[in-house]
Amino acid sequence: MQVSIACNVGGGGGASDHQMKERRVAMNTSNAPTCQSKVRVESSNRHTLLGHAHMKEALGRHSNMKYRNLGKSGLRVSCLGLGTWVTFGSQISDEMAESVMTVAYDSGVNLFDTAEVYASGRRSSYVVTTKIYWGGQAETERGLSRKHIIEGLRGSLSRLQLDYVDIVFANRSDINAPMEEVVRAMTFVIDQGMAMYWGTSRWNAVEIMEAYSVARQFNLVPPVCEQAEYHYFQRDKVELHLPELYHKIGVGAMTWSPLACGLLTGKYNEGVPESSRAAMKGSVWLKERLSSDEGKKQLSKIKELHLLADRLKCTAAQLAIAWCLRSEGVSSVLLGVSNTEQLLENLGSIRVLTQLTPPLIAEMDALLGNRPRNGKKEARRS
Amino acid sequence: MQVSIACNVGGGGGASDHQMKERRVAMNTSNAPTCQSKVRVESSNRHTLLGHAHMKEALGRHSNMKYRNLGKSGLRVSCLGLGTWVTFGSQISDEMAESVMTVAYDSGVNLFDTAEVYASGRRSSYVVTTKIYWGGQAETERGLSRKHIIEGLRGSLSRLQLDYVDIVFANRSDINAPMEEVVRAMTFVIDQGMAMYWGTSRWNAVEIMEAYSVARQFNLVPPVCEQAEYHYFQRDKVELHLPELYHKIGVGAMTWSPLACGLLTGKYNEGVPESSRAAMKGSVWLKERLSSDEGKKQLSKIKELHLLADRLKCTAAQLAIAWCLRSEGVSSVLLGVSNTEQLLENLGSIRVLTQLTPPLIAEMDALLGNRPRNGKKEARRS
Amino acid sequence: MQVSIACNVGGGGGASDHQMKERRVAMNTSNAPTCQSKVRVESSNRHTLLGHAHMKEALGRHSNMKYRNLGKSGLRVSCLGLGTWVTFGSQISDEMAESVMTVAYDSGVNLFDTAEVYASGRRSSYVVTTKIYWGGQAETERGLSRKHIIEGLRGSLSRLQLDYVDIVFANRSDINAPMEEVVRAMTFVIDQGMAMYWGTSRWNAVEIMEAYSVARQFNLVPPVCEQAEYHYFQRDKVELHLPELYHKIGVGAMTWSPLACGLLTGKYNEGVPESSRAAMKGSVWLKERLSSDEGKKQLSKIKELHLLADRLKCTAAQLAIAWCLRSEGVSSVLLGVSNTEQLLENLGSIRVLTQLTPPLIAEMDALLGNRPRNGKKEARRS
Amino acid sequence: MQVSIACNVGGGGGASDHQMKERRVAMNTSNAPTCQSKVRVESSNRHTLLGHAHMKEALGRHSNMKYRNLGKSGLRVSCLGLGTWVTFGSQISDEMAESVMTVAYDSGVNLFDTAEVYASGRRSSYVVTTKIYWGGQAETERGLSRKHIIEGLRGSLSRLQLDYVDIVFANRSDINAPMEEVVRAMTFVIDQGMAMYWGTSRWNAVEIMEAYSVARQFNLVPPVCEQAEYHYFQRDKVELHLPELYHKIGVGAMTWSPLACGLLTGKYNEGVPESSRAAMKGSVWLKERLSSDEGKKQLSKIKELHLLADRLKCTAAQLAIAWCLRSEGVSSVLLGVSNTEQLLENLGSIRVLTQLTPPLIAEMDALLGNRPRNGKKEARRS
């Protein structure tokens, strides 16, 4: 049995909530090839950036970043993306948000989830996504209808001051909306130039397969990837179900919550501190989870993984992210950071990835004790 | 034999008539979440609304309203809609029209037929429809052609000052226009973003089935619902033919004239008053109908239904509307009211719906004596 | 053997020629229902129109006009259209052109070929066409390519100051252009809203059938009608080949040159007058034709038809046009007139149509001696 | 074994390089029919053109030019096109570029590759192409994705200040991008009106066939032509593989480098001069190639072809270009010239084409000793 600790804020919340979270931040790209007249970076921001000068020199543009095709599409994304929506809920300042995005961009990150950046660099050098939500009270009244998808995306584009996003995600599936309507609406926004690709978020494998099948039946555009939670304690979907979809229909995985909301960094090993997310209003559930039997077992495993990280001379966070990156079919892992220090630490996971040899992975699987098994395949082998 | 008492004004009239009836009224949504800079509500209107303050408090937003998917589409509509076209023919003032729409919106109504409202709330929170007419003298010259459908919708949008409607209806079918041309034109306006969905109005089951079949053949967009007359004395289409279409191809029913132009409220029980619709010029037909043998029988049944309503502690109108709502495949019943008192009374039918138990429905069927029977099915059973 | 006397000027000419012939003329619609602020009719024009006041009173709007569906499409066109391109080559003044169009419009004509009118009435009340030419020197260099079709139509719309035409015709077929490219380009301009329908002009039956077949294969839009020459001495295509297409694929016939450039009016019965078209530069061919053996036989038949017209108390032109209208599958006959007197005379042919009984048609066929026979059908019967 | 001497600059370079090479030059069309108010030709340019007056008189518009359909499409292109991208790398002045384009246009050239011209003549009288690059460092990060194709073309159009190009080419194929995505993106830009046709550049026959097959499967738009290198020492693709594609799916060949970067003109017969391209930085490869055994053999053959040209009273360049034009399926040969003298010399090859009799072609094949053979066909015959 897996315990899912999702920190995708707003998953159960209303539409008004997440709409507030889309934020447009000017990104200061230090290595942009030519100076453009439209640069909007103000002196104060530039000041902030000077402080990061040493980092950028150390990193250089694209120094270590790896790029992967998003599923079997032609779109190449950095294997680490910035989950800006989760990141910049309402906790950090615009100045910090800009610094984080600038460092991310200069480190070769080209995938920015659910938020837009103003870059002095070219629009074509990064990938922006947005999401059409469904699930809250307001959404239940509206349904995941053609009307809601189109108007939802128009609303996002208007708030982001963009003509188009690169990927639009349909969050959760609405059992009352016919799949044909959803796929037709997604094809419509792509045909209109409002989006380049579409993906799913929190859909199960059968729903994604149905979307693909409907797209084939009516010559519409199939989805290119699924956004899914993925970390040590939430493995089945990404390791068991999505690889099959990747091989059969080319749908890739863009995963989020690699650190299980900070749980895996050892943040809560000694209890919940006052300033942490678990202590915040609305996270009572997380706090209670941590004190359950299941939660205590997980904390114990986290401590062992901490020792393993020490052995590899990396941090617990870097090990956890590299472990996600090793998985077949994972196109990109979305990071959720709140400052540049965290970001730079997380980016270091790319270096750790090469250390994850098959014996080490086996050791980690033994330690976690939750490697998913495909019953059918096992049956065939015996 | 059913007697149809349709009050869909302009059904036999010319184009110029119904074009006059589209009206744009500012809707004052008292519970809009945030204050917007574009609010156009003038002081006089606000004054009008203060008068309704007690109503809104009593109702609250969405208090009792139920939402249903429109057919098997993903679009969710309130089970009671505002048939503004019928409502606001030319009989009530702009101020009253605005009050009616405001109360409707605040009561959770999100479906406004053939008229547009200006709301300080979000455009995405209500559904607007319009109709392409065919049948009058001018239409006969034009045909239900691609040209007429596209230009007709452009004309509507221009008069309504809208970029798009949610549903565009093709009124009546033109036997001279090929179905492929109609469905291609409807798909064109949807592909152009001028409408979200399309529906039919006063089409028979075979025509709707043909439209669906042509859409499937050429990968075009099928219709989502049929607008049909439905009340105690006009049952066959909605109870016999449309459920089959609903199950097979997902087309829902949006019904109008639940009170048979006021006939069912007992308005004409004691003869036709001078100020009533039946007394107006052009309603000679209705007046004659009421004095026919068939008409007299219906008036007698209406009196019995009145007694039944008294028993249920509701009005005759509430009973009649609730009776429509009970029918499978009915997505929404369009109300035709001329003031806020009537509207509030009609909205009360949602409460009555829960009282319509199977025995009560059986009692009403016995009283009406016109329950439609599917000959084929009966034959199969015997 | 048929003798074809086509007067479709520019058929063998260059592109620059026919582009000059598109002309935008303000049409004064006396019976327009409501006064609009955009009326551009100047006083001088109004003066011209006052002179026609008696005509309009006599005619009334739509008095005698008959409407037919264009092929099996849903578009209804008046059975007599105004072939303005031929009409207003360069021979009549703008004032006369306007008067002709105004009288035509007021007489119920709603089809204007290859030219646009500015009407104070609604745009949706008439049908405008344009043509993409191919065949001249410049066209041979360009081919009937996607590029030429799209740019050609854009050019027409720009010159006509229109957003769209109702029907765009592809003039002649280019054996080097693949049919798929032509049909895709026509579908593109329709999908873009630059045209409502497309038709062919001077294509043979096999070419039209191929266009239809390609449209069906790739789910593109098939053509709705063929423009063809049709008069006493040019019958095979319209009477033999097009009816089969009409029945099988719904393509209708819009015919031109009903008077064979004036030949049938008896204009040249006594030789070629100096001011006539046949005497003009470039019409040497027509002059020589008239003096050939074949031409002399035709002139003799024309004299007999004149006597027949006298018997029916109509003019030779009215008889010739009514004879065209009697033919199955002819949706509209394009008139080529140069003044309002001619137009009013030609419009009178609708009245004559009812006099064309089967015995009279048989008499005319005997007189003409050129009734087309379908060899295959005859063979089947024997 | 063929030796390929490609001079397609930037093939292995980055995106920033080739973007610099798109240049917008005002073209002075001396024979434009009417004077337009938008003419931007400045006095200095006009001066330049006066110098060419004698040439233009000698040539006249369209004097000798031949036109061919591009593959089996309906687009007619001059058999000689101007490969302006190669031509105007960064070596010649804007004034010379303008002169070259003006002379080309006045000589009947209507195909301008990868660069736009401002012409006082009509936009519809010439064909403009552009290319979406893939292969350099920046492209590898991006992939030949939908995003890159659409944004790349938008970027080109913006730099060229054009609404659309006639043909957009996908340069090289990206094995990681699914063919469906490429063909859907190309169809998107055509449906949006940003391009009229699309073609491939440097794709192999199987890749082109796959693109065609995917287009047929999903009813998308297939490519119309392949841009390929073609000259005496690079024959297999154009003579062996493309004719089969031409016959089966109508894809034509637009060839470049007819003179193998000047090699065939005898420029390097006596070694590499300092001012030549081979001496330039970055052409070390070419210099080394020329001194290899294979290179020496080729130089010897070039000398013999020089003697053959003398016999035909034409230049070596004219013979080489005419030899390309003789090949079946070659729609147009792109010239790479750096001044008007070279251009006029090259244009003379059309005259030479008529002298290339079968015996002469056989003589040249014997001399070159590299006539491609289709193994399969040979096998079938024996």
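The letters A, B, C and D name the chains in turn, as written, and every chain counts its residues from 1.
Assume a contact is a pair of C-beta atoms (placed from the backbone, for glycine too) under 8 Å apart; a residue touches a chain by one contact, two chains touch by 3 or more.
Bear in mind that the values here come from a model prediction, so they are computed numbers and not experimental data.
Can you work out the rotation angle that lays chain A over chain B using Cα coordinates, in steps of 5 degrees?
90
Look at both sides of the chain C and chain D contact and report whether the same residue positions are involved, with over half shared, or different ones.
different
Express in whole angstrom the distance between the two chain centres, defined as the mean CA positions of chain B and chain C.
The mean C-alpha positions of chain B and chain C differ by 45 Å.
Please compute the C-alpha centroid of chain B, do the same for chain D, then give the distance between them in whole Å.
64
Do you know which chain B residues sit against two or more other chains?
In chain B, the residues touching two or more other chains are 191, 219.
In the complex, go through chain A and note every residue touching chain D.
Counting only chain A, the residues touching chain D are 33, 62, 67, 69, 72-76, 110, 123-125, 127, 166, 190-191, 193, 196-197, 219, 221, 250.
Which residues, counting only chain C, touch chain D once they are in their complex?
16, 140-148, 150-152, 155, 174, 176-178, 181-182, 184, 188, 191-192, 218-219
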